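Both complexes shown next keep chain A, but they swap its partner, so chain B is in the first and chain C is in the second.
This part shows the complex of A and B:
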């Protein structure tokens, strides 16, 4: 049988007390790419929440460009941080975001590019209640990524938020 | 019993030198879908990015006017849309130029659905995530019922894909 090349490295599910951040440390350096799949809701009183991603404990040297839509006008913007939109606590009950972060060549000595896509749908007709976004991320560091931290900016992650980190080998 | 592997690397390369094109040939017909992960840059130096193209085929790549694409893209200030028809290539976006210093590559993921069937035209969904200037979400079409067993990726003439560009083709099995 062929060797598995798409493996779960670690997962975390937020417990009843909530969590301000989730951390994956000591990431094995034996894969080619990383994929982080997140289902996120925060306890802030708004439709949306905002969360931040850092590599190796650093939020420096981050570049961001996005394409987004909330059901009305699409938009595009740039920033110098890795922040993504999730679901806030004023949104429909039991709704969590669907967010994927893909990091190719995370152990290389090149700068680290990544893609992030988040989709929040909730069957609401309220303006701005749902959201879809694609992001290009660049971490201008030659260090291998050995830690990924996801931090709630607008509030804490609520119970049942999940985070799955996969490693992908190209051979 | 362990489940069967469904995300299988078929072939991978890291370009050792600036190269005009790279071709995956003799692609096995045993999967349902294909995913091409391309982390690339070009040797263009007069601007910030340069287009790359895809051609596919059975045996040889098709160089006829049998491709079309529709895209939604953002440039950092506006969201825009564009489409091409009767093209000789699939246009999925632009890789960074070789002007942002060394070590600068960006990611494109291209998903070819039902690539081995011989009944339908072939659709591909692509994402290009380039912090230099563009985000692209594109659907591409190859108007042929032939199975795809060859995929060529190349920089628009006269430029090259930059040394260090990595290209990996995965096979996805539905069962």
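This part shows the complex of A and C:
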């Protein structure tokens, strides 16, 4: 029987009270890569929300390059702190972001690179309501990643926002 | 105030607790920084658009046709 190489480590769906953050701790160090699949919407009064990702309880030593577009003008930027655009509460009802974070070699003792992509498909023709973003992330730390925290910084995650953490082995 | 959801991936134990004052302060600081970053990016974008519009106006004043301006700015 073939060995499974793509396993769900843990998942969480936000309940009726909302959540300010979701934290995955004690991540097993037995996989090669991690993949975090998120579908988020925050309760801030805007088309978009912004959320932040931290590793091992820290947002230090983070830099990223970002390429984004909202349907009218593309943009690029370089910044610290891993932040991504999700759906805000002024967007189409019941729409959530499609966001994926991929972290290869998360147990490495070298600096960690990762990629993030988010697509806020929203079934709307309103100007500025759609958004797509791709990011190249660098965490300049030699520590193995054993904790990932996702925090809504413009608002809280609303009910039915989901977070799925997968572990991937190379054999 | 919304809760923090903590998932222990080894034991699958889920803990739901209120945000601490420190976490609230950190989130507020991050939100302020994000707003400042967006304002700076918006200002840079506007400055770029304004400069382009000014350049087009000067080219037009020099006598270039709309097609000629478009050829230069496309």
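One rule holds in what follows: the second predicted complex is superposed on the first by the 171 of 171 C-alpha atoms of A that agree within 3 Å, B and C clash if a C-alpha of one lies under 4 Å from a C-alpha of the other, contacts with A are read in each partner's own complex, and residues count from 1 in each chain.
The definition used in the following text is that a contact is a pair of C-beta atoms (placed from the backbone, for glycine too) under 8 Å apart; a residue touches a chain by one contact, two chains touch by 3 or more.
From a predicted model like this one, the values you see are computed outputs, not experimental measurements.
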_After the alignment on chain A, I want to confirm one thing: do chain B and chain C clash, or do they fit together?_
fit
*When the two structures are overlaid on chain A, which partner does A:83 contact: first (chain B), second (chain C), both, or neither?*
second
*After the superposition, just quote the angle formed at chain A by chain B and chain C, using C-alpha centres and rounding to the nearest 10°.*
100
*For A:40, decide between first (touching chain B), second (touching chain C), both and neither.*
neither
*asked:* Quick one: is A:14 in contact with chain B, with chain C, with both, or with neither? Answer first, second, both or neither.
replied: second
*Check whether A:151 is in contact with chain B, with chain C, with both or with neither, and answer first, second, both or neither.*
second
*asked:* Touch test for A:135: chain B only (first), chain C only (second), both, or neither?
replied: first
*Is A:6 touching the first partner chain B, the second partner chain C, both, or neither of them?*
first
*asked:* Contact-wise, after the overlay, does A:23 reach chain B, chain C, both or neither (first, second, both, neither)?
replied: second
_By the touch definition at the top of the document, which applies to A:75: first (chain B), second (chain C), both, or neither?_
both
*Give, as a whole number of angstrom, the minimum Cα separation of chain B and chain C in the superposed three-chain arrangement.*
10
*Can you list the residues of chain A that meet both chain B and chain C?*
73, 75, 77
*Which chain B residues qualify as touching chain A in the complex?*
2, 4-9, 12, 37, 39, 72-79, 102-107, 109, 127, 129-131, 133-135, 137, 164, 166, 168, 170
*Given the complex with chain A, which residues does chain C contribute to the contact?*
1-12, 14, 16, 19, 23, 27, 30-31, 33-34, 37, 41, 45
*Please give the residue numbers of chain A that touch chain B in the complex, ascending.*
1-6, 32-33, 63-69, 73-78, 102, 104-105, 109-111, 113-115, 117, 134-138, 142, 168-171
_Residues of chain A that touch chain C when the two form their complex_ = 9-10, 12, 14-15, 17-28, 50, 52, 59, 73, 75, 77, 79, 81, 83, 151-154, 156-157, 165
